[in-house]
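Here the chain labels run A, B, C and D in written order, and each chain numbers its own residues starting at 1.
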Amino acid sequence: MMKKIGIVGATGYTGVELLRLLATHPLIEITFVTSRSNVGTRVDSLFPNLRGFIDLNFSNPNSDELADCDLVFFATPNGIAMQQTEVLLKTGTKVIDLAADFRFKDVDLWSKWYGMTHTCPDLLEEAVYGLPEINREAIKKARLVGNPGCYPTAVTLGLLPLIQSGKIDLNDIIADTKSGISGAGRQANVSTLLSEAGESFKAYAVDGHRHHPEIEQTLSLASGSTVNLMFTPHLLPIIRGIHATLYVNEREGNDTASLDLQSLYENFYANEPFVDILPQGSHPETRSVKSSNMCRISPHRPRTGSRIVVLSVIDNLVKGAAGQAVQNMNLMLGFDETTALMQPALLP
Amino acid sequence: MMKKIGIVGATGYTGVELLRLLATHPLIEITFVTSRSNVGTRVDSLFPNLRGFIDLNFSNPNSDELADCDLVFFATPNGIAMQQTEVLLKTGTKVIDLAADFRFKDVDLWSKWYGMTHTCPDLLEEAVYGLPEINREAIKKARLVGNPGCYPTAVTLGLLPLIQSGKIDLNDIIADTKSGISGAGRQANVSTLLSEAGESFKAYAVDGHRHHPEIEQTLSLASGSTVNLMFTPHLLPIIRGIHATLYVNEREGNDTASLDLQSLYENFYANEPFVDILPQGSHPETRSVKSSNMCRISPHRPRTGSRIVVLSVIDNLVKGAAGQAVQNMNLMLGFDETTALMQPALLP
Amino acid sequence: MMKKIGIVGATGYTGVELLRLLATHPLIEITFVTSRSNVGTRVDSLFPNLRGFIDLNFSNPNSDELADCDLVFFATPNGIAMQQTEVLLKTGTKVIDLAADFRFKDVDLWSKWYGMTHTCPDLLEEAVYGLPEINREAIKKARLVGNPGCYPTAVTLGLLPLIQSGKIDLNDIIADTKSGISGAGRQANVSTLLSEAGESFKAYAVDGHRHHPEIEQTLSLASGSTVNLMFTPHLLPIIRGIHATLYVNEREGNDTASLDLQSLYENFYANEPFVDILPQGSHPETRSVKSSNMCRISPHRPRTGSRIVVLSVIDNLVKGAAGQAVQNMNLMLGFDETTALMQPALLP
Amino acid sequence: MMKKIGIVGATGYTGVELLRLLATHPLIEITFVTSRSNVGTRVDSLFPNLRGFIDLNFSNPNSDELADCDLVFFATPNGIAMQQTEVLLKTGTKVIDLAADFRFKDVDLWSKWYGMTHTCPDLLEEAVYGLPEINREAIKKARLVGNPGCYPTAVTLGLLPLIQSGKIDLNDIIADTKSGISGAGRQANVSTLLSEAGESFKAYAVDGHRHHPEIEQTLSLASGSTVNLMFTPHLLPIIRGIHATLYVNEREGNDTASLDLQSLYENFYANEPFVDILPQGSHPETRSVKSSNMCRISPHRPRTGSRIVVLSVIDNLVKGAAGQAVQNMNLMLGFDETTALMQPALLP
């Protein structure tokens, strides 16, 4: 029997991307799609790409019908999922939040960066951080998953093999990251107009970005030690794609000759369906993952300078959001992890 | 048993798009991919989006092994397919040419516009013009299909209901068309550099374009009378997408009140899986069909002016090339016509 | 002595473009720049390109100081200029409105399309339509100029020679026009986000657009007869540029051989500093006028079809708005018409 | 009397940009523009933005007439200028090379990175590195200037104040740089097609790039010690613009409280006409310098991490090439340094 799936807040980009990916998923049916401001409107009138695939109107998110779903995705702004999750879990509905409400273990850290008081801090311990490459088994058993941020996914996957190698300086890592503009969402906003963001490039939030503590939390847990990194996000004049350029210092006294980067990465991810280590010396392009759930990585040791440079790309809306959420759903509902996610990227 | 498929000339954009679409087709296997200039190279080293999907090297196109295929696509420049088709047909291999070698019935017209002598003019009569919305039954029985051009697909589908209504002036049609730059191919060329074609827009070939006689041929056959149109192509600074803006004159003396455009179009295409008539008053966006085999159409009768305006959009690489070719393959090999082609467009 | 210039509503794109062009004008000084919502803010904090060029804060538009200016530009939404113009004119301040308040002679037509009651209809007779190629002498003497719309400028300049030749059908003209997205302004709006409008193309307002009656008014006045045209605007995924593709029918019985298009256009515009007829057979690119006040035009008579096709390009923010406004200011203040406007376009 | 200027190799982007900037320079006349492959062609037929500004045909670069020029720009590929410079200097013609032939002091380093033998190594000592912010007085007296590379200009200007402060670790600097695609030139090339480079982003030459040793040479000379940096270039899907994100480590034991970054930068560049330190906390956008000779910089000390981050933007074709060359020409010919270079950037 098909599992029933609900999506709360499906008018943003992660919402429509969930709908695109789930539209052809053979084991689920989308029964409920909500949008407070579009109740009664056909979903495909907002998103014509879904014509013929999604035959639903937007509903009110407060409806009891949500609880009939086997699993509900929250594709809402930060602070929304935490208000409805407790009730849903009690009725046996599983929850994946694509925002940050359930990504942090430390509620104070979350409050500091998100400027809100958490309404159900008790759930933070239970919530599983939805990066399957780290938490696959926990996700399978989870009722509640906090889906990772887009930057954190690209950066964490790019750094994990080195972090866990024990051979790098955990206090001297730099993540210079660049994101396509869909990461800024579908809100009306002057700064993300084509006339403003097109044909231009800039850094932003250099002095502090919410994804910074999320990355440090994940890497610290993964390494067993505190990890400190610099994190500098930039805005790309493209719609989809994140590129992380990661600078890592090998520990002094480390026998660098022993660290074969290419093998380290290939072995580490040998069994991962959605992490692809490119041939040695490659420069992954964001377009090589456009529309796909793949993360492509290439580690380098440049001729000059003492640092390792790792290049990591994802589609911010897929592996960085909706695709990873579907991957988590597959795990949580006992499906093959790759169901509905195995399509080549769109190139050109 | 899986059908064996070959692709000749798979280093261009229609080639890689065929590979993307066929990679997940459940009823075929790609056994042979050729490129004269890349023999021995892995296909996915040129097109990293195919990593994990296509495990082949490029072969030499002159190999006898092509004849082992059940069907061969030619994604080659004009004038190549005609050199190999006769031999392949004799061994029982079906052929779909994505170039223009088998699109024309009048060999002299072809020679005039393509500047070559046809090497197998006898096959032109047998060849079926691969627009399923017109020639579905013939395609099912065909050994040889000439896959339509990108502009002709968008323009023909946009005009067909009116052409066949008998109520318009067949000598006074204007097709103002705009194409994404992938239509110009993957050849090194100054004029299609990002620095040249980006952030700009222009008409080209206003004095005559090869797709003009192709459209006139199709529309004339469809209407039973000679159709004359103006055809003005333009170059869009986007990668994928064609938009046709079509101006049609209702015949004098015609009772215009009787021509309900919206119903005419909806009824005409009611059973077509890949033609979608948008709700009345819509303006189809090219992005609504990006990566998809859909053609979306909206007919208008503006407040001012006496003409009907029809808006028609396709993805030039899908319904305008590789997707339509797969649709034709499905018909020729007896599969469900929509196999491997039912995915929502990528939006945003 | 330097003339004093004020700009009301300088936070939109036509406003910042006026500032860019006037920043190096040797005969004027900008004394007053207003923005209701940014009073007290430095102008160059919004527009960093002006750092070092404009040392002013935004003021309140209702200030009496406006009347100290020799000339005031209104770069405001429709309906604002008409509220302040009468007072300014009385104090001897000249006015150029970049919106539509003073473009129409027929106040009812204006009200119908702009959905407002005009507050000073008496001024419409005095106001001069600011297209120097038609109204140069009147502009020189004018106190009040209605600066033309962007589409009307590109279309009118493209059609004028044929309209005045007396040899075309004035009731059968089609203007298929395409505009860069800065024409939609600097308002926060979902539909003009990079994620929405980028990598896509669409028509809009096919059923009726405000620039349609403006064009018909100008062409009717220029020809002495009523002109009817179809007008179809489209949205380009570029920041600057308008391309008009104009289809014109030569009158039946007209000796077409006598109409040498290239000479007609070259002679007509021989003395115009900002209209450039390209060599025969050219396809003007919008980038060839980016940042410049030039309109480049190429008339064609295609091999097939009976119509003339005229291609016309401008930068919508320059010749289509701020540049033309400066050209008008130069005429109104007795300067050389080209002052501060003679810079090559930015290419690439 | 007007100085006579020649441009060798004016069909590339730095060539046409020189022509754009020089077209309105009041103190020079362009007498000679060469292109081996376009002899006899009008310059403005290749670059229509120059119509009305440059009334010349391309000449053969080997003509003796070059020697009649007061100054010749070489906008040619690497290895061309060195073949003609010696002869020109002997006849009293000054030379500015926009390629790398005269940027290096160490001829072996040059040969290693550029893969050629230098034909006039003796001139390397005389040649002045044309970064006015470092070498203004030497440039004024120079006969021969090696115009800096685009990345080196953005990186060097961004690092100079810190390098010369004596308070940073000269062996631990990272330059993560991003360039618009016009930096790759106007050669026909698959990888820079709009269809390939558009809507994508990637690093390139991570293992070693020619601008790396150029930057290290300049910074080492400026600091008096050897400087080592990591240098990672990336390709932006925009036409113009470079953004450098620079990571600098304050020296251990340094009293960081004493290093007021904002004041350090503002004071260092207080008298520079083409370096603009933005208000504290700014994020410079590449579009804020599009078409302009300005470099805009903002130094940051992020909340987390121990490093200083400096953001630096230029237009790669202006301050990164042609504009800086004109600035150097102004100095070499005794003009005001800013002549023909004081225009606000084009925004939007």
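The rule is simple: contacts are C-beta pairs under 8 Å (C-beta built on N, C-alpha and C of every residue); 3 or more make two chains touch, one makes a residue touch a chain.
Everything numeric here is computed off the predicted structure, so don't read it as measured data.
Q: Keeping to the contact definition above, tell me which chains border both chain A and chain D.
A: B, C
Q: Counting C-beta pairs in contact, which comes out ahead: A-C or B-C?
A: B-C
Q: Please identify which chain has its centre, taken as the mean of its CA atoms, farthest from the centre of chain B.
A: If we average the C-alpha coordinates per chain, D ends up farthest from chain B.
Q: Averaging over Cα atoms per chain, report the distance between chain A and chain B in Å.
A: Centre-to-centre distance between chain A and chain B: 36 Å.
Q: What whole-number Å value describes the gap between the mean CA coordinates of chain A and chain C?
A: The separation of the two C-alpha centroids amounts to 46 Å.
Q: Can you work out the whole-Å distance between the CA centroids of chain B and chain C?
A: Using C-alpha averages as centres, the distance is 39 Å.
Q: For chain B, jot down the residues that touch at least 2 other chains.
A: Within chain B, the residues that touch at least two other chains are 13, 182, 195-196, 198-199, 237-240, 284-285, 287, 290, 348.
Q: Would you tell me which residues of chain B are touching chain A in their complex?
A: Checking each residue of chain B against chain A gives 13, 16, 19-20, 23-24, 45, 47-53, 182, 199, 239-240, 276, 278-279, 284-285, 287-292, 294, 296, 317, 342-348.
Q: Help me check something: in the complex, which residues belonging to chain D touch chain A?
A: It comes out as residues 174, 176, 178, 195-196, 198-204, 206-208, 212, 228-232, 234, 236-241, 243, 245, 247, 281, 283-287, 290, 300, 302-305, 307, 309, 311, 313, 348.
Q: Spell out the part of chain D that touches chain B in their complex, as residue ranges.
A: My answer: residues 13, 181-182, 184, 186-190, 192-199, 237-239.
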